[in-house]
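A single structure is presented below for examination.
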Amino acid sequence: MISAIITIFAPIFGGFVYGIERIVRARMQSRMGPPLFQPFYDFFKLMDKRAIMIHSFHALMGIMYFIAEWFALAVLLLGNDLLIAVFFHVIAVLALVIGASSVRSSYSVLGALRELMHMISYEPMMVLMVVSFYLVVGSFDIKDVLHYSGYPILHLPLVFFAFLLTIPMLLQKSPFDIAEAHQEIVGGPEIEYSGPFYEALYTGKWIEYIYVFTFVFLFGGSHYWLGAILVIFSFLFVNLLDNSSARLDFRRMVKFAWAVLIPLAALNVILLALI
Amino acid sequence: MGFFSKFRKKSPWILHYNTGGCNGCDIEILATLAPKYDIERFGALNRGNPKQADILLVTGPVTKNCRDVLRRLYLEMPEPKVVVAMGACGHGGGVFRHLYNVENGVDNIIPVDVWIPGCAPNPRALIDGIVEAINIWEKKSKDKEYMKNHSKDMIKNLGVNDD
Amino acid sequence: MVKMFIESFKNLFSKPETVKYPFEPFPEPEGFRGTILYDEELCIFCDRCENVCPPGAILFEIVDVENNKREYNYNPYLCIYCGACVDVCPKADEGCLTQVNTRIKPLGNEVVKNKKLGYLINKIENPKEVEKAWRELEIRAKESREKYAEFKKQQRLKKRAQAQKAKETKTDDN
Amino acid sequence: MGNKIVVPFGSQHIALPEPVSFLFDTKNEIITDVRVDVGYVHRGIEKAAITKFEFTNVAYLLTRICGFCSITHAGGYHHGIEKLLDVEAPKRAEYIRLIITELDRIHSHMLANAHVAEVAGYENLFMQGVKDREIVMDLLENITGNRIQYDIYTIGGVRRDISKETAEYIKKQLNKLKDKVLKVYDFYDTDYTFGLKTKGISYISYDDAKKYNVVGPIARASGLATDARAEFDYLPYDELGFEVQTRTEGDVWARNIVRQMEVVHSIDLILRAIDNLPEGDIKVKYKGRPKGETFVRVEAPRGECFYYLKGNGTKVLERVRVRVPTYSNIPILKELFVGEKYSDAQPIVLSFDPCMSCTAR
Amino acid sequence: MINPNVEIFQSTLETIVEDIKKWYDYKKYHYVTINGVDEGGKLRIDYIFSDYNEKNKMYVFRITDIDFDTLIPSIASVIPSSWMAEWELRDMFDIEVENTQKGIFIKDPNIVAPLRKDK
C-alpha cells in the first residue's frame, strides 16, 4: 500500500527531495538558496512555455525517458524483481541517449556519448549490488528484502560503500557529473529540450532520486529506522561530496568504477559466497 | 493555463550574453550569483541555454560582430520571454554611442523590456531590474501578447534568415 | 577535498552570508556616484557639462533662438555616472549640478519623473520611447544649435551693417 | 566514439562571460585542431579616442575598454598624458592610485581564480572564492563610488581623497580579508580533485613563455619573472617593497596559485601604503596641450598593458594605442589546446583569464 | 612621473626582417607590439620591444614614410606571436601585410581602414 502511494506520487516526493537538496547545497555554499517549493515552481513554469520541438522522435525519446524511469521505480517498489528494475532503468537512460544523439548539436551528441560512459560505469555496480542482495536474502524480490530480519548492511559494508560512491554517477553530481557538465556541454543530453519536453527530463531526474534512495533504504532490511538513517546519511554524504570536489574526466570515472568500486563490491560478494 | 502562469513569477531562468560591453556588467552578474546577493533566492538560475531560458540578460552596446548571434539567441528562446538590457551600454550604447562598429544599444536589434541604468549597475540595481522584469514577464504571459506577435513578419523585421 | 568537506559541513549549520535585499533595505554607501540632479535656477548655461559628458547624456536644446533660451535634458539611462559634469560645472558648489548617492529605478513599467532630471524625461510617458526620443532630441539639439549659430551670424552681420551705416552717416555728416 | 566531432565553444557559452568563439575539432574528446575568433567585441575605441573625445575626458572611454582593468587603463593613459603635459602628480595621489590599483587586482584575481574552479565543476570553491571578494568590492564602492568603474584618476592627481576613518576601515577590512584569502589559498593549494583537474594541464615551459612573449600571471607561473610593476616606474612600488611572485610548474594550477600569492602580496602592499600615506594635496593643476609621444607600461591583473600616446598640440590626440595582456597571450593559448581533452579546454581558457573586451577594443 | 628610456632604430621595409632577426634575442627582449600611425598620408610602423632586465628601457624599430599600397613584410618568422598585431594592422589601415587575412576585428565590409585619416 505504502509502496503504491510512493510510486504514484513519486514525482512529488522526488520534487521535495530535490527542493531540499537545493537548499542544502546553497547552505553548504553559505548562501540562502531557493524556497523549498522551487522545483514545482519550475515545473509549472515549464508547463506554460511555448513548446518547441526539434523533431518528434527527439521529443518522444524525452518522454520515453520519463515513463521508463517511472516504470523502473514502479517495478522496484511494487514488489517485483530487483533485477528487472535495474534493466528498466537501463532502458530509460538508453532512451535519453538515443534521443540526444538524434540531433545535430554537438553538445547533445557529446552528452549522449558521455551518458553511455556513465552506464558502463554504474550498471555493473547495480547488478552486483542486486546479486549481493540475493546472496544475503536469498531472493530477488524486494518484499523479501524488506522482511529480512537481519541487517543487510552488516553483510554488505563494502557494497554499501561502493554504492555510496556510485550515487554521484547516477544522479549526475560532482565529481561525476560528466554527462551534464554545465560548464562544458551545457547540460549535455538535455540541451535541445525546451518547455514541456524539458519537463519530462527535469521530473525524470526527481524520480531517479527516489529510485536511488530506495536502494539505499534496502540496506536496512526490515529495520526501517536503519534504512531511514542510511538514506539521510547518504543524502548528506553525496551532497557534501558534490560540494567538495571538481568534475573529473570520464576516463577517470570509468577507471575508478572498474578499478575500485566493482572490485570492492565483488570482493564483498565473493566473501559472502565463500562464508 | 492561467493557473500555471502564477508560478512563472518564481522561476526565472536567465541567459546572459555580452555583446561587447566592458565586462563590468558581467562581473556584477557573477557577483549576484555569489553568496552575498544570491539570486537563486528568486529561483533564478543561470542556465546558459537559450532553449530553457526566460530572461535574456544582455550587456553591452551590441557590436556589429555580435549582432547576428544576439538575434539568433533571441529567436531560439521560447515565448514568453523578457529581455533585460543591463547598463548604460544597453541603452543607446552608453559611452560607446556612435562608434563605428557599434549599433547603439540593444533596442536597435531586439525588443527590450527593461533597462537597468548604471555603469556598472551594482548587484542591487540588477536585482531591482530582475524583479521588474519578472513583473513584466507575468503581464506578458497573461496578455498572451506573444501568441499574436510571433509571426513571420516579426522574424522578417528582425532581418534573420532561417538557419 | 577533505578540508572542503568539513568546511561545507560547517557552512551547513552556520548562518548564510546572504543579504535580504530587496526585502530589507540596503542603502548605497556614502559617496556613491548616483543620479545627477540639476537646478535650472542656478545654471548659467555655460554648456561645459554638455561638452564634457562622455556618452552625451546631457543635451541643451535651444528652444527659443532669439532669446537664447535653453532647456536642459538629461538621460539617466545613458549616463555612465562618471561625475565629470559635476566636476566641470562652475556652479556645482552652489548646487546647480549635484551627484547624489541614490540610484534611479530600472526603466520597465514606468519612467521616473522628477523636475530635477531635466525636460525630456518628464515629457515621456511610454518607457519604450526614451531611446527614440533621445535620438530625435540629439538631432533637434544639433539643428537648434545650427539655427542659433545662424541667428547669431545674422545678428552680427546686421550689427556690422548698422555700424557701417552709422559710420557712413557720420562721414556724410562731416 | 572515434568520429571527429566539431565542438563550438562560444560565442555564447555559460562558461564564458564574454563573446569569444573557439571551434574545436575533437576525436575521442581529444582536441586535434582549434580555430579562434576574437573579434566579437571590437567597438572602435582607438578611433574614437582620437576623433570623438578630447584628451581631458578620453579616459572615461578608455576605462570602459574593460571592467576588470578599468583602473589599469586609467593608469596607462594618465601616466602617459601627464608625461606629455609635463605635470607630476603629488605623492599622496600616487599612493591613492596604488591602493586602488591593488584593490582592483585583488578583486580581479579572486574572481579569476574562482571562475577556474567553477568551470572545473567545483561550484563550492567558486562560491567560497567570490564570497570574500565582496569585502573588496564594498571597499572600492566606499572609496570611489562605484564597484567597477572607479574613475578616480584625473590628470595631475586623483579625484577623491582617502580620509583618516576610511583608511582605518580599509586596514580593518583587509586584515579580516587576509585570513579568509589564506584559507581559500589553502583550498586551491591542497584540494585533491581540483589538483586532478588542473595539475599538469596546458604546460608552458619557461622557454616557450619567453618565445611567445607571454605576460602576466601566466608567464610568472612558468617561472618568467616579468612584471611591469618591477620593470617600469609608474607608481611607488619600489618604496613599498614590491616583489615579483613566481612559480615554476607552468600549468593551470600554478596560474591559480600565482594569482592567489599576488592577492596576499597586494594586501600587504596596501597595508604598507596606508601606513605610509603621505600628507599633502591630491591634485595639481596643469597647463597646455599634450605634445610629443610616449610609451607606458602598466601591470594589469592579467599582465602587462602597454600604452602609446601621441599628441600634436591640439585638444584631440593623434594616436592612442593600447596593447593589452590577453592580446599577447592569445598566440600561445591557441597552441596549447592541441592534444588536450575537451573537458580541460574550459579551465585552460579561463586560467588565462581572457578578456576579449580589450583584445579587440 | 614616468620616465621611459626609449632607444629608436630607424629601419626600412626591405631590411626590417633582417634587422630584427639580427638584434632580437627572445631570452633578453620582450616583444611588445607593432603599432601603426598615420602621419598625414604616410604610414609609420613601430616595432616595440622592452627589456626583461633593464628598468624603463624600451626599443623601437621604426619605419617611416610608407605608402598605403606597399606590401609590408611579416616578422612572424622571427617572432611567432606577432601575427595578431599584423592582422590587426591590415584591418585598421587597409594595407597589405604578408601572410595575413582580413577580418580579425572588422567584419563589416562597409567599414574600411578606421585609423586612416583619409578614409
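Order of writing sets the chain letters: A, B, C, D and E. Residues in each chain are counted from 1.
Convention: contacts are C-beta pairs under 8 Å (C-beta built on N, C-alpha and C of every residue); 3 or more make two chains touch, one makes a residue touch a chain.
Note that the structure is predicted; figures quoted are calculated from it, not measured.
Asker: Going only through chains that touch each other, how many steps at minimum separate chain C from chain D?
Answerer: 1
Asker: What are the two chains with the top count of C-beta contact pairs?
Answerer: So the pair of chains linked by the most contacts is B-D.
Asker: Measuring between Cα centroids, what's the chain most distant from chain B?
Answerer: Result for max centroid distance from chain B is chain E.
Asker: What's the distance between the Cα centroids of chain A and chain E, rounded to whole Å?
Answerer: Going by mean C-alpha positions, chain A sits 59 Å from chain E.
Asker: Distance from the CA centroid of chain B to that of chain C, rounded to the nearest Å?
Answerer: So the centroids are 26 Å from each other.
Asker: Can you work out the whole-Å distance between the CA centroids of chain A and chain D?
Answerer: The computed centroid separation for chain A versus chain D comes out at 43 Å.
Asker: Taking each residue of chain D in turn, which ones touch at least two of the other chains?
Answerer: Those would be 13-15, 39, 42, 44, 47, 60-61, 64, 124-125, 127-128, 131, 141, 146, 149, 191-194.
Asker: Which positions in chain C are in touch with at least two other chains?
Answerer: Touching at least two other chains: 1-2, 4, 7-8, 16-18, 54, 80-82.
Asker: Residues touching two or more other chains, restricted to chain B: which are they?
Answerer: In chain B, the residues touching two or more other chains are 35-36, 38, 41, 47-49, 65, 94-96, 100-101, 119, 122.
Asker: Any two chains that touch count here, so list every such pair.
Answerer: Here the touching pairs of chains are A-B, A-C, A-D, B-C, B-D, B-E, C-D, D-E.
Asker: Given the complex with chain D, which residues does chain C contribute to the contact?
Answerer: Residues in contact with chain D: 1-4, 7-8, 17, 29-33, 52, 54, 80-84, 87, 101.
Asker: Mind listing the chain A positions that touch chain D in their complex?
Answerer: Against chain D, chain A makes touches at 28-31, 106-107, 109-110, 113, 174-175, 177-178, 181-184, 186, 243-250, 252.
Asker: Using the touch definition up top, name the residues of chain D that touch chain B in the complex.
Answerer: Going through chain D, the ones touching chain B are 11-15, 17-19, 39-45, 47-48, 52, 60-61, 64-68, 70, 111, 115, 127, 130-131, 133-134, 137, 141, 146-149, 355, 357.
Asker: Would you tell me which residues of chain D are touching chain E in their complex?
Answerer: My answer: residues 38-39, 42, 44, 46-47, 79-80, 82-83, 86-89, 210-213, 215, 226, 230-234, 294-297, 304, 306, 308, 310, 318-319, 321, 323, 327-328, 330-332, 360.
Asker: Considering only the defined contacts, which chain A positions touch chain B in the complex?
Answerer: 22, 26, 29-35, 37-38, 40-45, 47-52, 182, 186-187, 191-195, 198
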